[in-house]
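Heads up, the next two complexes both have subunit A, just with different partners, subunit B and then subunit C.
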Partner chain A sequence: MKLELGYILIKDIQFSNVSKVENGTLFVNQDEIKALVLEDENIASCELDLARPGESIRITPVKDVIEPRVKVEGTGSIFPGTLNKVETVGNGKTHVLKGCAVVTAGKVVGFQEGIIDMVGEGAKYTPFSQLNNLVLVMNPVDGLKPHEHEKSLRMAGLKVAAHIGELARNLTPCETEVFETPSISEGIKMYPNLPRVAYVQMLQSQGLLHDTYVYGVDAKQTLSTLIYPTEIMDGAIISGNCVSACDKNTTYHHLNNPVVHDLFAEHGKTLNFVCTILTNENVFLMDKERSSDWSAKLSEMLGLDGVIISQEGFGNPDTDLIMNCKKIEAKGVKTVIITDEYAGRDGKSQSLADADAAADAVVTGGNANEVVVLPKLDKVIGSLDWVDTCAGGFDGSLAKDGTITVEIQAITGATNELGFNKLSAR
Partner chain B sequence: MAKLKVVHYLNQFFAQIGGEEMAHIAPELRQGVVGPGLAFNQAFGDEAEIVATVICGDSYFNENLEDAKAKVLEMVKSQNPDIFVAGPAFNAGRYGVACGTMAELIKNELNIPVVSGMYIENPGADMFKQAVYMISTRDSATGMRDAAPKMAALALKLAKGEKVGSSAEDFYIPNGTRVNFFEEERGSKRAVNMLLKKLGGKPFVTEFPMPDFDRVEPNPAIKDITKAKIAIVTSGGIVPKGNPDRIESSSAQKYGKYDIEGLTDLTEASHETAHGGYDPVYANQDSDRVIPVDVLREFESQGKIGSLHRYFYTTTGNGTSVASSKAFAEEFSAELRNDGVDAVILTST
Partner chain C sequence: MLCITNNKLVLDEYKNTLNIEYYDIPLKDILIKTRDKIHEHYKLLTHPLSGSIKPGETPYKTIFIEKGNKLDMDSVILIENCINMCNNFEIIDKSKYLNPEKSIQDFEIIDLSLAKSALSSIH
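What follows is the complex of A and B.
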């Protein structure tokens, strides 16, 4: 399967009467976007705002971040099975509005929604401080239950991102990149001497508000399965979860999965990137055993030499991570795992909830309990009402002078376990 | 600005007095630099210099421990230094232990920055790495040129009160404290590089060595459950409605103790969860789903259990460090025991 990504670089974002992309600026018609969002009868109000790199702006509580993309050639459309028809994606051509994102915010659904600071100390920890963001601040109708609330926000984000992505349909990309995965048998013939490597991606699936969707299927109801890595670039996986902000994989992270990109960079040179194995992180022991058995079994069937395993969330999923690692190593397949740590605010506590000697190659996204002080910023998009109660906050996090003292856990994407960032710990 | 004053500790070998045959020599104070001290002075530049060197034989130190400690401490103190540097000891075991012992003692007694350096397998490393910063060195003196600048840089950092970075940035032996820092490459790239090394049978360094895990053996079973007083403890975050003690939704810094005297059922109106790590909807509807007060009351009235303890203890397990959890449990376990509780039902989420 072969996919070409065409990048249209976005350097600025503005409101305008007409939505369009011109000379690297994304122009957005507010009314058009609001009308689209308010099609959903569960959403009572939607305010739009803009946040650019370097501006003194704080966005919170953030639910999801989504990159606008559009399929211009090949089968299927962006976000198959969720927003669009379920037809297979990952082939042909896709245009990407690089440098911008749609951010969904507004009244809190769970506890685990985050902060994006566009400048200052907090900006160093979130990759989204580097983007030109269109922020949707949405509030639900009265009495809406959390699950419906989450779904409405999730779908609104996808809808707006796809709508903006359409603006790129007829543009000429500044840059293109091609990603190709041969079939299993072709791969063996093409690269007989290269180690066969797959990517085991663990999807958060602990339950409502902690879910991920693959072609629209709730990941907790899936068996571990195979997917072409390019399918992920077309929105085959979307985030529906409210796991702690620092290590939730937003839809933006899925679309730009860095493990996929970095394995493709070595594909055909030092390794043969065979495919991605998707597996879940359910709460029941039987599910954990079954899913990790299956990821190990698939690794064996594919005749792999090595895998990279990435986690999402922490605590309970640490057990899934260690099971996957242990069982895949037991099949004679070498593993590297990517995780993050909860070593306490002083960094002196045990970092993971589970451990095994087989996990001898670990990459860490840092200690999520480390405390930072975020300066008062000029403007808040959303609300500071939930800073004290979000995961990573505590009673008194928000000081009278507007500074916020929180664990980096509260910052969206800070300790990402796909290895999206440079943050680490020793 | 005047240079910071450094006192350097060496053994007989690095002081160029002699090998094993001279290991018996008692502590001796010399003004200025001796042997490897030169490399340190170069590294300190204009900021610091070695004003004196204390030398002690390795056998003397280990065989006359209390006496040696007192003498070396007195000699160091007499120089009124700003910094104490010990070694590096490389893989010399007794020397490593002496360096660690003196560094820790001087840190505590004189309250000045101390730095040592040794090979990670030197027994002194395991004994003292949590007490003092120790630069990770090679296993022999060929590592001096590499070690001295690193030890000097960390010593200056400590002396100036600057924030010490992670072990990877400041080159000390990991001391059990995890410190965040920004790597050169993103995590996914580091993972690919690590996998390529592992596949190629080449050495690689994990970013997080797996700890030895603490496994708790269950206590013997209760002999007669119908007489037992049972308490509920949960990491599921169940609290009285409104979370009166504001237990954190993640990374809890406290636990709560709440009275359930006379309560037969927890309801949407009376209780909720403070936990931010799972879908709270069902726990908020009926907190008995997390702590089964309703069923235990039934059992109590039917005589299936002796009694339900008047208080339940609760915190949020979400992102809460093991150290905090241990500290909470040590405190309330004593209370439970004093209250005559025979068994605990510990629920998670």
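What follows is the complex of A and C.
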């Protein structure tokens, strides 16, 4: 399967009477976007705002971040099975508005987290401070249940991102990149001497506010399965996860999964990138056993030499991570795991809720308990109501002078377990 | 199967259909209660740190266990690791929530949803 991504570079975002992309600026018609969002009768009101890199703006609580894309050639449409028909994607051509994002914000529940600072200390911890963001702050109708509220926000974000993505349909990309996965038999013939490597991607799937959808299917109801990595670039996986800001994978992360991109970069050179194996992170321990058994079985069937396993979230998924690692290693397949750590504020405690001697190659996204002080910023999009009670916040987090002292787990994407973050030991 | 919880909502929802032990104690103590049960040969059915809401954040925890006939070492190791993890988080006093009723209720709902998600797999 072969996909060409065409990047249209966005350097600025502005409101305008007509939605369009011109000379690297994304112009957005507010009324058009609001009308689109308010088609959903569960949403009572919607405010739009813009947040550009370097502006003194704090966005919180953030639910999802989505990159606008449009399929211009090939089968299916962007976000198949959720927003559009379920037809298979991942082939043909897709245009990407690179440098901008749709950010959905607003409280789903009373304790929600997720900070994006566009400037200052906090901006260093989130990749989304570097984007031109269209922020949707949506308020639900009275009495809406949390699961319905979450769905409305999720769908609104996808709808707006797809709508903006359409603006790129007839544009000429500034740059293009081609990604191709041969069939299993072709791959063996093409690269007989290269190690066969797959990517095992674990998807958050625990329940309300902790869900991920694959072609519209709730991941908690799936068995471990195979997917072409390019399908993920066309929105086959979308986030319904509202919690654990630092290490949740937003839809933007899925679309731009750095493990997929880096494996493609080495494909045919140092390794043969065979495919992606999707697996879940359920609450029930027998589900964990079953899903990790299947990941290991698929690794064996594919004749892999190695896998990279990435995690999403904290605590419960540590067990899935370790089960996947030790069962795949037991099949004779080498593993590298990507996680993050909750090692206490001094970084001295045990980092994960599970461990095994087989996990001897580990990449960390950083210690989520690390404390930072965020300066007062001029403008807040959303609300600061929750700051004392969010994950990583504590009594007195929000000081009288407007500064916020929090653990970095409150910052969207800070310790991302796909490696899409800025923390480094270098 | 036995359900150990400090969440009233879970108690109300399942008191007529499930075997429940409800305790009005903090989250970490629910984990310790569960550990004690494991040493009475119960086995964990659900992960003690279900949900990505941190131990220092939500006050609620619901765990499902099942009686066996010997000590389940996997359960012993997992529960001990989870109790240790709790020490890495600053525990927030319930009374400090800005909108206590709303937040507390939301935490109850999330915990109930995680319990439901597990039960749908168990059944």
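As a working rule, the second predicted complex is superposed on the first by the 418 of 426 C-alpha atoms of A that agree within 3 Å, B and C clash if a C-alpha of one lies under 4 Å from a C-alpha of the other, contacts with A are read in each partner's own complex, and residues count from 1 in each chain.
Methods note: a residue touches a chain if its C-beta (ideal position, glycine included) is under 8 Å from a C-beta of that chain, and two chains touch if they have at least 3 such contacts.
If you're wondering where the values come from, they're calculated on a predicted model, not measured in any experiment.
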Between subunit B and subunit C, positioned on subunit A by superposition, is the outcome a clash or a fit? clash
After lining up the shared chain so the two structures overlap, which partner does A:382 touch, if you call subunit B first and subunit C second: first, second, both or neither? neither
In the superposed arrangement, does A:288 touch subunit B (first), subunit C (second), both or neither? second
Taking the superposition on A as described, I'd like to know which of subunit B and subunit C A:409 touches: first, second, both or neither. both
Partner chain in contact with A:187 - subunit B first, subunit C second, else both or neither: neither
For A:343, using the defined touch cut-off, is the partner it touches subunit B, subunit C, both, or neither? Pick first, second, both or neither. both
With the two complexes superposed on chain A, say which partner A:195 touches: subunit B (first), subunit C (second), both, or neither. first
Under the stated touch criterion, which partner chain does A:359 make contact with: subunit B (first), subunit C (second), both, or neither? first
Quick check for you: in the superposed arrangement, does A:259 touch first (subunit B), second (subunit C), both or neither? first
Looking at subunit A, does subunit C or subunit B touch more of its residues? B
Which partner chains sit in contact with A:314 here, subunit B, subunit C, both or neither? Use first/second/both/neither. both
Following superposition on chain A, which residues of subunit A contact subunit B and also contact subunit C? 110-111, 146-147, 206-210, 243-244, 283, 314-316, 342-344, 349-350, 352, 354-355, 369, 388-392, 394-395, 409
Residue ranges of subunit A touching subunit B (in the complex, touch as defined): 110-112, 124, 145-147, 195, 197, 206-210, 243-244, 258-259, 261-263, 265-266, 270-271, 283, 305-308, 314-316, 334-336, 338-339, 341-352, 354-357, 359-370, 388-395, 407-409, 416-426
Touching subunit C in the complex, subunit A uses residues 109-111, 146-147, 204, 206-210, 220, 241, 243-244, 247-248, 282-288, 313-319, 342-344, 349-350, 352-355, 369, 385-386, 388-392, 394-395, 409
Listed in rising order, subunit C residues that touch subunit A in their complex are 44-47, 49-54, 56-58, 78, 81-82, 84-85, 87-90, 92-93, 96-99, 102-103, 105-107, 109-110, 113-114, 116-118, 121-122
Along subunit B, where are the residues that touch subunit A in the complex? 166-169, 174, 176-192, 194-196, 198-199, 204, 206-211, 213-214, 246, 248-251, 253, 275-281, 317-324
